[in-house]
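Given below, in the form of structure tokens, are the structures.
There are two complexes below, and they share subunit A, which is joined by subunit B in the first and by subunit C in the second.
Let's turn to the complex of A and B:
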């Protein structure tokens, strides 16, 4: 894409971020995985881009795109933080169609001058160039879930396909999803309590889908299904998922997503538990 | 063709004359003022053709529901022969009879559709004349309609109107601007058709853009109505007034007019 490079070259000094990518889908699919709210906060460091989306102060999704995914990644000051409309960003990234014809790739060049400036996107496919200027907004403070390894009480690594079906068939009439993790049977259980009755789904410890299982004490936590449902987007794309809970009942879902180039990226979901667990428990 | 028309509008007017069939869509200003003029050479479609119009010009104007016609012609896709007649069965009808060859037996069946039509009174004919095209500031060949469609579809998510601009150097831009974002897609090396009239040498700067702002839904409607890739697609821009899109398939020509929005 000589045209793109040429156009930017002389201006490249004034940007604090310049990133380019041969296949925009490597970037956009990961962002789609966390697209459940209109606005996102972007943190850019030399290591890569972290995009954070939050909802109702209860759930947070982070997508990490490593610098290695980009063919060119130049950061002049650290860290760069801005807020952006994710819906618009995704529309721009997929302007040449979300399902491109095989053999055609859309190249992307992304530039940002710094605080108060718009994020510039230059997209090129088959000689056609699209320039997008997306206005950025004042960054908002993001939640710190303070989820640290020492407080983790249980940890499960599953192949995503095992969870995919379960999530797609979740009884949405139930307000909550109850997750039971225990060192004995039922080991790992997903329960819903809906209009049509309750349902339980158990994963034995030694089934093929289970890659790792660590748990010392039985934990029963409830999460709002409406908060967890958006993570299905990431689940569909991922190959493995790690499920962790800490001593406060906070849930961390970490999805491993391989893109078309074979790079591995991670998407994290943090979710806080539903406060009121009814006492009468069966 | 009728499928394409059906996608564009609910009702259309069919103009029948000895050598041509025209589908005419003419929106009133209230609904945006888009108009379409689609022309089919009679000879290329029919092996036998008979008609008798009322006037000296020998034309008939019919108003019909385009979906009915497209549905009737759908059965005709694998038909051996197809007859279209204007009949009067209690009320005026366009009768489409389709002879279907059944694959198993050698017998054939005839399916008949009667499509109610309204004969357009002569005094209204003047509204349905072939639109006169004001001289365009810039004419340019359109890029692959598929690419253009996906770009315009995404732009539709963001904004309601779009600026089309083009110059005589083969460059076409599609632009939207909102408070949030400003997106421009640049197409280049599209080529400009040679000017039709040489008598008026225009001293237009080839790099200067002629631009027009249109309702993005109207443009998308046109783009999504296209089923086949046309052999030639042209875009004529009359700066600030209208866009005239001109498609040429083998036997069909389709003209689509989108009036400009005030900036």
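Let's turn to the complex of A and C:
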């Protein structure tokens, strides 16, 4: 063992990123929340890791894992950007099983030498070490949704349990999910228009589920249900969700996810509205 | 029509929808003065189910808006089921359920009032009003079994989920026997397992049937009603007669009753085996297809037992046929139609989902069993289980 530690320490000088973690699940859980495409772009700065997944140039999901989540987090140059196969990365992170036996933790040491090098993962559980090398790819430009606070027209903070069931029961025969946010009834409404008919789900403004409700002007926007459905992965892990729309109808869903250590992490989903808005039937 | 269901009755309603969904693809919802009925019939029309919820079941029950006729509707089972999909959720979060049907909106509105003031509104499109009516009389069945649903539920639990049919009979010592049914032609290597459960007479509240009688029916539908009866903690009565005649399964409560009418297999060789058949079963000519099922044809039609038939009644527009299912005791002295009519009906296209059921219908009973005698096409021309392509 000392030999291995020695070697790792020697090598750590050549890495531009070294991060270690006692419990790999604190990292993998957050990644699972955005795992709806195979490939992801990773940005690493001294503050932490941001992993971005996009689909159809219309939806973007970002997972932020703060540096504090890691026990050791060394970044020698900033920023580090690479693209990686997220499915493979998650498979490697759960190489000892995704549901570990109680009391056993898988530790992770993650190293990256820089552009063109593979991402090295050292996973250890009960004295068994697995080394994974995942090839990194040329980073691709990610979308800038230009979603800034000043243009936000409505903002809702909900306890996730109130939305969980709604998302799991979404009528997938409907092509779109229509979100209505208004200062008067129905306040916050999710509507689908499927083969069997339409469904509306109304949340009152003042209820225990609703932590905050800000809206000055009625806004009705439609989003492709197939683009929003993957956010259910983040929703089921989260405890609170912030729903914001801006003046262009862009949607921001921000999920607060608490990991096993009590650290708070955030996962963002941005989604473009559906262009053609037929006259709403409601 | 407007009705309001509150508290635990929402789950009861949901359970009923779940058990109906095991049978049919369409749900017929008909408000009557003595309650709301939910009915369905399976695609091969060998099983019919009906729940009647008395006005007392509801917090508010208004079968029709004053000055208006009673409305009926037919909706897709799938869409109605999706509203009640999660029973745990119904129990935990739903406080009130309002169902309303009116001419103007031309949709069935189901509104769930949930915890935290969350409100779910489902506007379901429905199809032309048709009445599904079964004519059957449990009193005309010579044999009756009644037992708590739990007893029967536990008895069917060990049967494999894929098992299609089960035989229920009275064995030696008046023990009630449930046994997995296997077709004779079945490959003995693939269906090597036979399950048999035997229940003592003392577990039954009523056991009015001689030793040796046995009927075979579909397990899936039976399980559907059982799970409802078990959750409602009600006794289940089974009324039956000779093999080949429909068995009527009933549950009753002060505020609801449920009837499932299931076709039973005609035993061809009296192979009730060690159910100790005391008398050989006379093969009873069984239900046949009827191309023209006007009520006035019943007497002259070739029915030799009960039948489920599409009955033509006059709709509000005079010309529209309202399909209904009837289970009427037929005259005993006719013989069945020849193979030609069977074959002809085999070729009938399946009803397209969404069209009113045709006046003609296929064999009521399991074609795989009928086939050897009545169909020249060999075994299994009609499969009761194959409901995929049918409305």
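Note that in this section the second predicted complex is superposed on the first by the 272 of 282 C-alpha atoms of A that agree within 3 Å, B and C clash if a C-alpha of one lies under 4 Å from a C-alpha of the other, contacts with A are read in each partner's own complex, and residues count from 1 in each chain.
What we mean here is this: a contact is a pair of C-beta atoms (placed from the backbone, for glycine too) under 8 Å apart; a residue touches a chain by one contact, two chains touch by 3 or more.
Keep in mind it's a predicted model, so treat the numbers as computed, not measured.
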Subunit B versus subunit C as contact partner of A:143, first or second or both or neither: neither
Touching partner for A:130 - first (subunit B), second (subunit C), both, neither: first
First (subunit B), second (subunit C), both or neither touched by A:201: second
Which superposed partner A:56 touches (first subunit B, second subunit C, both, neither): neither
Partner chain(s) touched by A:172 [first = subunit B, second = subunit C, both, neither]: neither
Partner chain in contact with A:212 - subunit B first, subunit C second, else both or neither: neither
Residue ranges of subunit C touching subunit A (in the complex, touch as defined): 75-76, 78-79, 82, 85-86, 89, 93, 107-108, 116-125
Subunit B to subunit A touching residues, read off their complex: 143, 147, 150-151, 154-155, 157-158, 179-189
Interface residues, subunit A side, partner subunit C - complex: 162, 165, 169, 171, 194-204, 207-209
Footprint of subunit B on subunit A - complex, ascending: 85, 87-88, 91-92, 94-97, 118, 125-135
